[in-house]
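Residue numbering begins at 1 within each chain, and the chains themselves are lettered A, B, C, D, E and F in the order written.
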Amino acid sequence: MPIQAINARNQFKGKIIEIVTGPVVSEVLVGTPFGTVTSVITTRSINELELRIGSDVVALVKSTEVSIAKL
Amino acid sequence: MPIQAINARNQFKGKIIEIVTGPVVSEVLVGTPFGTVTSVITTRSINELELRIGSDVVALVKSTEVSIAKL
Amino acid sequence: MPIQAINARNQFKGKIIEIVTGPVVSEVLVGTPFGTVTSVITTRSINELELRIGSDVVALVKSTEVSIAKL
Amino acid sequence: MPIQAINARNQFKGKIIEIVTGPVVSEVLVGTPFGTVTSVITTRSINELELRIGSDVVALVKSTEVSIAKL
Amino acid sequence: MPIQAINARNQFKGKIIEIVTGPVVSEVLVGTPFGTVTSVITTRSINELELRIGSDVVALVKSTEVSIAKL
Amino acid sequence: MPIQAINARNQFKGKIIEIVTGPVVSEVLVGTPFGTVTSVITTRSINELELRIGSDVVALVKSTEVSIAKL
């Protein structure tokens, strides 16, 4: 289902640079201008979306999931 | 309590550029060299951490909270 | 940015039936075949996505966010 | 501890139709009259709740975890 | 719908000691023998569950939502 | 990067009492005055933070991640 736009305010566009595959979840490293963004998603999604090293993706984060630390 | 390091793999360092204050939660916009990161945290935390426009902060995201979309 | 597909395994397609607007976050009720799905997103997203009663949307949930209770 | 009611606004009642077990987390597919809901929980919880194919469960989602995409 | 048990591994039993009500979400402070646990839920849930100062509740946290910081 | 303070309102200080290691994520059990707090984080973080049985840590939970159940 193609999506026109999503509410996730934080969108980090990039290319997949590494995938660590587990039996249930996998770790996806996305190279972006912000640096490497790491995501853990189901291995089932990796397969269904046919994610590979080099795939063009966007990492999405809902703003309620972002914490703030003071330096 | 000062913290030496945290597991959140996604850390975006920047300065607060805008705060929208609500009665319970507030929206914090963090300007980073690569774009704005948006966070929603409690207004109570804004006050206790004394967050202001210009505060040096790091926006933190746990990797299990990051979704991946295919372009 | 149009998206081809997203990893969120739980996708509930429907129409917005109610929006409760707050200063920072808003509550969006989506009528779906599963029943009403409730989402809390930033009011900024409501405005930017131009969400209205009747808008065609899909409510998305990452599977790591789903709890299981035994009846 | 039996619970009378929970705040999670999104509750999907169904039966477990598949469990993929990993060393730390497992994927639970819940069949509902309107489609499958997928959850990732700890394998420890699977064992303690004695979840099996056919168990009657409810999948719960907090509304702050629900994203909205425009079609 | 009464629930027999839930997968949330982190359960903090206590009494509500404060509620800050907003138009969409509210902040609930739960006093436990070991300290206060803070939750933000929809104001709609506060009303439907008839939560009040003194209500006996349990605060629940999915283990995938818990971060670890090193001291 | 040392952190002065973080917005996470729920902070449970303790010592690691058990680690279950998986290929992608690991389960960390932290003994605290509140009881055992369970966290699932990436195995990569376990290694980088050099978390071991006995490490002094604080388990952090954002208040938007805390559900409330009525007893």
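By definition in this document, contacts are C-beta pairs under 8 Å (C-beta built on N, C-alpha and C of every residue); 3 or more make two chains touch, one makes a residue touch a chain.
Please read these numbers as outputs of a predicted model, since none were measured by experiment.
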item	value
Neighbouring chains common to chain A and chain E, by label	B, C, D, F
Pair in C-D, A-D or B-F that repeats B-E, with over half of contact pairs matching by residue number	A-D
Chain centre separation (chain B, chain C; CA means) in Å	22
Length of the line joining the C-alpha centres of chain E and chain F, rounded to whole Å	18
Interface hub residues of chain D, defined as touching at least two other chains	1, 3-9, 13, 22-23, 25, 27, 38, 40-42, 44-45, 49, 58, 60, 62-65, 67-71
Touch-based graph of the chains, sorted into line, ring, star, complete or other	other
All pairs of touching chains, each written as two labels joined by a dash	A-B, A-C, A-D, A-F, B-C, B-E, B-F, C-D, C-E, D-E, D-F, E-F
Touching residues (chain side chain B, partner chain C) in the complex	20-23, 25-27, 38, 40, 64-65, 67-71
Touching residues on chain E, where the partner in the complex is chain C	1, 3-8, 22-25, 42, 44, 60, 62, 64
Complex contact set, residues of chain D against chain C	3, 6, 8-10, 12-13, 27-28, 30, 32, 34-35, 37-41, 45, 49, 51, 55-71
